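Next up, some structures in structure tokens.
In what follows, subunit A forms one complex with subunit B and a second complex with subunit C.
Our next item is the complex of A and B:
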């Protein structure tokens, strides 16, 4: 077989491209593992209720975010968010958002203050990158049974009343997405939660999940699934919602990440006893 | 599913009508239309009357138009916003951002 110098270079280019693809794939997998580890960190446990969260990226890695931060006063701060865009760029901004939340949660007194501090911290970066993040932040106080929350352009969570079994959105509170305008002050709203009440925080990837006919999962299906599973513990409700979405989408690749966080109140009341908090008194 | 953009210009005003879906798979199609805007433009209308779906990337492209209106000093208007799209715009605060830029001249 005749080989000239060009043939040799061509084969080398193919090999180089193959190596680059392998390296890229390896790095994407590492990035996915990092993101997955950060997202699926320790979930706080506390008497008087339970929380859990889950996130399913539409691509290898995603731009959705949720987190829990136990506070020294016994409260637990919950955040859920959706970074504009998809894939690796969104994932990079999700890490930026996580850092801003962790830093703000420690130094601020309330969910509104946390969102204000986060916007101050990352507004310029998001503006430069022509991006934004919608965030919903809430403090659960097991001592007063109060959920206080603030919203930065995110869809309102669903409130499942344990007594009447009704499911409705939490009372709306307006706030501009983080990265939208500088110097924002985020207003707060509070609701009292009773035994067996559940709050379902989520990103729009759930209601906008599509099936093979291009139909969306929509809020009605989500509410119906929650109605059928509301008696269960949070982990089982989470699995039921994921199963319902998977059944509906039937393997159709999704365009958006799917993320949810659940908070369910139970009869016992006590202080948060868990993890992640820097100091406990 | 795709996005069709219909452009109409009259003197110093331009209307971009979006037909279809405005999401991560289509938003790049808006870029050339925004790039061709020069300093002579006085008013840009974005017509959403035939939009079927808009996601966060679509919102991002509207944010880019808002920033451009400040940079090139033209009036930006939203037209034909249906109920679903209006709810999304209100939820993320797009109207507030537009108002801050257009009426208060806030540097965003």
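Our next item is the complex of A and C:
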């Protein structure tokens, strides 16, 4: 049959709906690929320690975020965050957050300053969109063996002491979530880390993961899993935590994204090789 | 499943929430409760039977309290469970909304 631009091809409602669903599915998959590529960027490698991160969205795409940013002074800046809401809307705001972090990390001297700059940059957008992001930002300085951190409403990371084998939350530091109030100044706290110490940063999707009986995974199970696996390398600890959560949830669809970042210190002093840090001439 | 019941006393609206205040609960609130709230001078939101609140629920509360305050309605959040209050405090919601909101 001959068709020109004026030929009308009849499609019923079902066919049109099917086309729209296919287009939507294709776009969601593309969006997921974009997010996955941005989230799973290069993990910095350095002497004297190791880092890794993993994120599992509850839906096709998620609103959790983590990132590493090697700095010119040899430090490495780590951030983990949780955007309000779920799915595609949260994923869009996660990209906004990533841009703000990358930009702020390059121009600020400390994690507190980074959070302040991020809040300054995206507060109005988040307020307009009636949303917010919780963020925890930390600088690991291998030269002084110090972890300095600031918090914007995020749950405090766990500190696994390599010598005493105790696991506890890092000393608390308060701060309003990004998008909560304008002109925030974020206070900082520091801890010294020793050989074999590990810091476990995470989002609440881990402790709030639910099983078929509606029970939550809770902090106790997380601590127990970390205790059993603390001597492993970061990648293996990460896998052990994921396996433990998967075993607990046993296929029950989760409501929230699950994200973790690990930093483990080893005996050698670190010398971070920059991946994308700014070049100052 | 998220449900609610309500009663009125004078110019006061009392809302008793029941269930997780997550994205589904938030949708129920936005659709079925929020429009009515601004008709009252005082709204008491009772959290006795709310065992869990996620970030969507937090976002809803923040916006609800701000919007209603601007329209002259005072909102009180009452009888919050300890676990839920810990999440409110982690996010410093009392600092953002004002300590007087939580009773």
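The working rule: the second predicted complex is superposed on the first by the 266 of 281 C-alpha atoms of A that agree within 3 Å, B and C clash if a C-alpha of one lies under 4 Å from a C-alpha of the other, contacts with A are read in each partner's own complex, and residues count from 1 in each chain.
By our rule, a residue touches a chain if its C-beta (ideal position, glycine included) is under 8 Å from a C-beta of that chain, and two chains touch if they have at least 3 such contacts.
Owing to the predicted nature of the structure, the values given are computational and were not obtained by experimental measurement.
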With everything superposed onto subunit A, say whether subunit B and subunit C fit together or clash. clash
Once the shared chain is lined up, is A:55 touching subunit B (first), subunit C (second), both, or neither of them? neither
Would you sort A:114 into first (subunit B), second (subunit C), both or neither based on which partner it touches? neither
Where does A:256 make contact in the superposed view: on subunit B (first), on subunit C (second), on both, or on neither? both
Thinking of the overlay built on chain A, is A:244 touched by subunit B (first), by subunit C (second), by both, or by neither? neither
Output check: A:134 vs subunit B and subunit C. Expected answer is one of first, second, both, neither. What do you get? both
Once the shared chain is lined up, is A:182 touching subunit B (first), subunit C (second), both, or neither of them? first
First, second, both or neither for A:85, with subunit B first and subunit C second: both
Both subunit B and subunit C touch subunit A at residues 82-86, 130-132, 134, 153-155, 174-177, 180-181, 208, 255-256
Counting only contacts in the complex, subunit A reaches subunit B at residues 82-86, 127, 130-132, 134, 153-155, 174-177, 180-182, 204, 208, 214, 255-256
Within the complex, subunit A is touched by subunit B residues 1, 23-25, 53, 55-57, 59-60, 63-64, 67, 90-94, 96-97, 100, 106, 108
Sort out for me which residues of subunit A touch subunit C in the complex. 82-86, 130-132, 134, 153-155, 174-177, 180-181, 208, 255-256
Which subunit C residues qualify as touching subunit A in the complex? 22-23, 52, 54-56, 58-59, 62-63, 90-92, 95-96
